[in-house]
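Let me give you the structure first, and then I'll get to my questions.
Should a chain be cited, it is by its letter among A, B, C and D, assigned in written order, with residues numbered from 1 in that chain.
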Amino acid sequence: MNVFETTESEVRSYCRSWPVVFDRAVGAHLYDESGREYLDFFAGAGALNYGHNNPVLKQAVIDYMMADGVTHSLDMNTVAKRDFLETFRDVALAPRELDYKVMFPGPAGANAVEAALKLARKITGRQSVINFTNAFHGMTLGALSVTGNSMKRGGAGVPLVHATPMPYDNYLDGRVEDFLWFERLLGDSGSGLNEPAAVIVETVQGEGGINAARPEWLRGLAELCERHGMLLIVDDVQMGCGRTGPFFSFEQAGITPDIVCLSKSIGGMGLPLALTLLRPELDVWEPGEHNGTFRGINPAFVASTAALREYWTDDTLEKSTLAKGEQVGRTLTDLAEEHDLKAKGRGLARGLQFADGETADAVCRAAFERGLLLETAGPDGEVAKLMPPLTITDDEITHGLAVFAESVRAVVGKGTA
Amino acid sequence: MNVFETTESEVRSYCRSWPVVFDRAVGAHLYDESGREYLDFFAGAGALNYGHNNPVLKQAVIDYMMADGVTHSLDMNTVAKRDFLETFRDVALAPRELDYKVMFPGPAGANAVEAALKLARKITGRQSVINFTNAFHGMTLGALSVTGNSMKRGGAGVPLVHATPMPYDNYLDGRVEDFLWFERLLGDSGSGLNEPAAVIVETVQGEGGINAARPEWLRGLAELCERHGMLLIVDDVQMGCGRTGPFFSFEQAGITPDIVCLSKSIGGMGLPLALTLLRPELDVWEPGEHNGTFRGINPAFVASTAALREYWTDDTLEKSTLAKGEQVGRTLTDLAEEHDLKAKGRGLARGLQFADGETADAVCRAAFERGLLLETAGPDGEVAKLMPPLTITDDEITHGLAVFAESVRAVVGKGTA
Amino acid sequence: MNVFETTESEVRSYCRSWPVVFDRAVGAHLYDESGREYLDFFAGAGALNYGHNNPVLKQAVIDYMMADGVTHSLDMNTVAKRDFLETFRDVALAPRELDYKVMFPGPAGANAVEAALKLARKITGRQSVINFTNAFHGMTLGALSVTGNSMKRGGAGVPLVHATPMPYDNYLDGRVEDFLWFERLLGDSGSGLNEPAAVIVETVQGEGGINAARPEWLRGLAELCERHGMLLIVDDVQMGCGRTGPFFSFEQAGITPDIVCLSKSIGGMGLPLALTLLRPELDVWEPGEHNGTFRGINPAFVASTAALREYWTDDTLEKSTLAKGEQVGRTLTDLAEEHDLKAKGRGLARGLQFADGETADAVCRAAFERGLLLETAGPDGEVAKLMPPLTITDDEITHGLAVFAESVRAVVGKGTA
Amino acid sequence: MNVFETTESEVRSYCRSWPVVFDRAVGAHLYDESGREYLDFFAGAGALNYGHNNPVLKQAVIDYMMADGVTHSLDMNTVAKRDFLETFRDVALAPRELDYKVMFPGPAGANAVEAALKLARKITGRQSVINFTNAFHGMTLGALSVTGNSMKRGGAGVPLVHATPMPYDNYLDGRVEDFLWFERLLGDSGSGLNEPAAVIVETVQGEGGINAARPEWLRGLAELCERHGMLLIVDDVQMGCGRTGPFFSFEQAGITPDIVCLSKSIGGMGLPLALTLLRPELDVWEPGEHNGTFRGINPAFVASTAALREYWTDDTLEKSTLAKGEQVGRTLTDLAEEHDLKAKGRGLARGLQFADGETADAVCRAAFERGLLLETAGPDGEVAKLMPPLTITDDEITHGLAVFAESVRAVVGKGTA
């Protein structure tokens, strides 16, 4: 038995799917210690939108460290934090006419969610929050209470309360008018629904199975929130930073959430960083009312600033993502038609839904054997999830899709294609 | 107004005490952008035990990055994770006859606490946890529920339940026998105390005001836990990694907790990393039952491995910490006698308690004006907290103590010394 | 100011609608202290199904008291309790092929609900319960958590958790297939619905606005519960004891709930008594695990036994109730057509829904002025509720309906009829 | 098997201790169906302070029923309710300079507690309540959450939160200063104690083992509540109505609670009635915000009014209770000295504490065999509880004490006396 088996907790999971030891990584590729190459359609679960060891970002971080820049600073002011805030304001917010205040809630997406929920409750004086079926928002107790997965919820060991699930877009296969149930509950003083402080939503549910909400559904939700005095929180932890094309995933719908949670790829090269963005009038925090040690990881600021400057001062990346997304989408649609499956997703967040989790798992294993990394998602793990780095080359994505198609056919299409 | 004021949330706090913009940092010193030097008795709230940009650690990280080592890997297996696990086992665990399983619960201390609480509840089937007066365990909902600070608790916006506070060591000034109340409640089926899954404790309360529990109190607590089937969780996030002398702060008491939470300085140079250590028989997690994106930050593994090898393969650092701690302690005792104050702490976690928070604040401001950084702690911020990097030199610590003494006298000792 | 205004709490309500002081009552009539007569279409909110001071019941109680029968006995065995249990078994249960165990949970309907919820949670080890929109189950904290009315919920002062509302029959105006949403949530491990211990339902929602579930909906619910291992609790507190015709309101649907809550009219002449009926295999209580002082009010046993013997050994009352119910229903349907209103209900639980609560209130005031007592129900009090004693005479009901029709026309039908 | 065994739930308990079927009862005596006589030192768990079928009360109720007085009226105004309110105000409140508003919260003590807790939370906007070790306040979810007994708490099936137990008077055997812990928690913003809305206390804990708080402890508690803005709720359900001598049990301490819960003997002859008494400025209820069907049981009003007039217009009963209480106390003290036991209690709420529950049970069984009814109390049922009707005659009490002493000696004193 190796040290992973003897010493690491049984809770480990990804290493079970990919039983090799990775060593180096560049762009869209990982290399295990034997030197074998893997094409990465996983991208750190969305934390590596700019690829592994992106040279621009990496060089910026190394330069910063070589110059003995402050590494760890909590919420002290640093030059690196100032550069980040100015760049984020000028590149990510101002061009989109967003005037959010920026909060550093801790290193990870769950921290951004915890802070968003706290603030929504503080502002409204209400405890209850609406989440959606198959939502995923994190593993800390507040974030877990608005997460759908029953196995993960069971891990809490206490009843998870203060959240009520509503049907996500198309959850009932189009058989029910959008928000019919939700709005009826809100409008009926006898419905028994605790008055919600906020609604928390992902525009595309990643862990939930690459479920992409339609723009009109998101607009309907935003209007419902406004009509009923509920704050709208968009959890853009996985779908932000360009995953669906534009920097924020909600841009396509033309909505402006009250609060936005950002993490994963904001840290630039997979370094921990999270942001909670607030409409200025919601910034009613007391100094220090929410804090934490790892809120000022300056290498992450530096990498993030470099990424914003490199990729978000024009629309090259956005257009490329949309084009590649279309390419992936076409392949998946073809495969879906070929094998009676379901193609899902938007931008470079794509999925192919199989009959069950076992099949999807088998496809991912087949892909791994062929040097392609991808994971499953969905309540039963029934969706193969294709999330390459946005910076993947055309050749790489074409190759990856070919390997994926071959893997699908090897598992479900024996003799059919 | 600068970008911090216009764009960062009002929740920011440290930057309010130290209104400069820091740029570089080496060892025990920070430098602001004007080049002014500050001696650091704060050490990233305990995350920088080995100093800023420690050359050994820094070089290891830069080398790793230059070689395109995998940066971000969730819980995939990597060479860097293997090196870390083997080193941690061989250097931190085995010599102390500890056989903990290692869980990577997320990037920060609060994640380690959330995972510990989940596991304790899962194992025992009970929901309730005992915490202590003036405990600090983090800001996420689970961790916050066992934290004492009422302002931070109020930020939750939901009632924080499932935790009952017990008196920390010496909380009632020695007027009550240790554990009299706690044990009476446990032994009485009519007491109304929900049966606890676990007890969570800091051996020295950092945020709570540098309250150091006596070894015999900790032993009494461990025995109580054993007698009543409660798991003992030591939150060593701030006091571990040598802050009190030995690697684990509980070594001095000779106890073996069931679960240990580690973070802050384990990441080596202020990089986010957290561990939940479990007795092997408690490792009943399902794969993936608790997960998260930022559980495999390989630069943190690399820095941590380097730190373990550099500082923990012999007892040089431990002895040095104890010696410097003694030196700080003597200075504080003298100041306490001189001004009728109270010296507190153990190892290099030390504090001086003033009459109120305003006085302590004034002392810290006076120190800042003299180029010394330190923060306050305690329920009313009445304790000035002295936590220099463990690697501080003798000259630096002597100088810092002189500046501190001068600051104290400037505020409380006018005309007396 | 009288003593009610000076000394009784502002929480009082019925006395505000009917500002007289009642003195005597016989059958379907109350008399105020000036001797004015009122026809009672309210029947103690369902507690007086056999009318006021029913001579058979009254004589039995007086005889019992004159003989110094034990009045108050908790759950000691008494002759009166034995008579009641034997009669209830032989008259109410056995002929319907029901073998429920009988629990005395306390004096009121809320106690029956509290006990039912406790037991369902104990048996299943789950905390969550499904209730329905516009449900009413009582004012104690457990019962209130499954009640819909937001004003009453707000009175709790703590978040009411562990319950999730589902749409009651026809809540979405027939636009959504029965149980589509509920079943989807149950079948999806990622839905975020905490696994329910039980479903609690009223077959006709009294306080909720005289909403009568269709038999096929109730059967669908019972099948859903069976398929998903949820206990089915029917709260028959208001609709039991013949209010809808048969003794139990669920008989018409042909279902057998796992747990039944009974109170109100079971006490025979408005005396406090409540029952929780359990399928025998669910009777896993420890002795005394749920108890209470007022579980053995023997005058209530005596009245209840007399009522069972007088009214439930043949189907005379049931048939009469159904016939009178038809008569009320026809009148309401005519009024509804005449004034574009909505007739609701089943058996002798009937209602007429107006445009809003103000109109319904005005109708009830107009009726009161004409000597007819009835209250409003529904989330906005928009339904006038007609619930006369089941023992009302034909002449009385005909007269009451005429007064009601006149009151309706006086308020909403000016010039139209 | 009889009908109790075949048909009544396993939750039944008193009938297990006294396996006979009671038939009639007069004064301090019960008679089983074979005609055997039992002297009652149990008094309906405090609901029968004026004895069984007290002729004055019984006649009043029979007269009322014979005249067709309204039996059941919710919170409608009735002549009987007016008589009760006026009498209660004039006899119970005014002479004690109390100006409480009277709320009818439902039929039982638990309803009075539920309403008190709701109101305290509504007024303060806080959720948390302080209860005491070994408290008993009822079985509904709100009342149960402030009750100590772990078996009964376990029956809830959900975690009971929002309450924190504090040590009752003498809980730590006088080794700790009164309120040292409680006051320290309240004064420390870092203690982790959720700010309490209220403190709920029994002046003598009945179910908890006849623990009588000292007047100075109650005064200290009242002062503490005032200093810290917590409402003081006295649960006088078991100890009120003269059980300890004066009408309210808190009179001896000279305190005026903010809210008082009354039930059990207020209904006069064991009929269900409960009151929540509020300081007038706390009467912020909305009409109907708390309600319930069984809040207007007029026979209970009638019996209660008769009892107030018969027993509380002078101090005869109070003096008699105190004198009889002294007599019982002397006997218990003698027995305690004789057998190294502990005598407990105040007024006619008395107890004798044995080594364990088995011994106390054996004593109660021995008494039952000798025709004396008494139950056990305390966390382990280790206290034999002597609570005769206050109207017991001198001969009866002398006889009962002799039987009790004989029973004690038969069990614990073999050969010693």
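Definition applied: a residue touches a chain if its C-beta (ideal position, glycine included) is under 8 Å from a C-beta of that chain, and two chains touch if they have at least 3 such contacts.
Molecules present, by chain and UniProt name: A, B, C, D = Diaminobutyrate--2-oxoglutarate transaminase.
From a predicted model like this one, the values you see are computed outputs, not experimental measurements.
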Contact-richer chain pair (by C-beta pairs counted) among B-C and B-D: B-D
Farthest-lying chain, centroid of Cα atoms versus that of chain D: A
Chain centre separation (chain B, chain C; CA means) in Å: 58
Chain C-chain D separation of Cα centroids, rounded to whole Å: 30
Chain centre separation in whole Å, for chain D relative to chain B (CA means): 49
Touching two or more other chains - residue numbers and ranges from chain C: 127, 151, 158-159, 162
Chain A-touching residues of chain C, taken from the complex the two chains share: 127-128, 131-135, 146-151, 153, 159-165, 167, 171-172, 175-177, 180-181, 184-185, 188-195, 208-209, 378-380
Touching residues (chain side chain B, partner chain C) in the complex: 158-159
Interface residues, chain A side, partner chain B - complex: 2-4, 7-16, 18-26, 30, 33, 44-48, 52-53, 58, 61-62, 65-79, 81-82, 85-86, 88-89, 101-104, 106-111, 114, 117-122, 127, 138-143, 145, 151-152, 154-159, 162, 197, 263-264, 269-272, 276, 278, 283-294, 297, 299
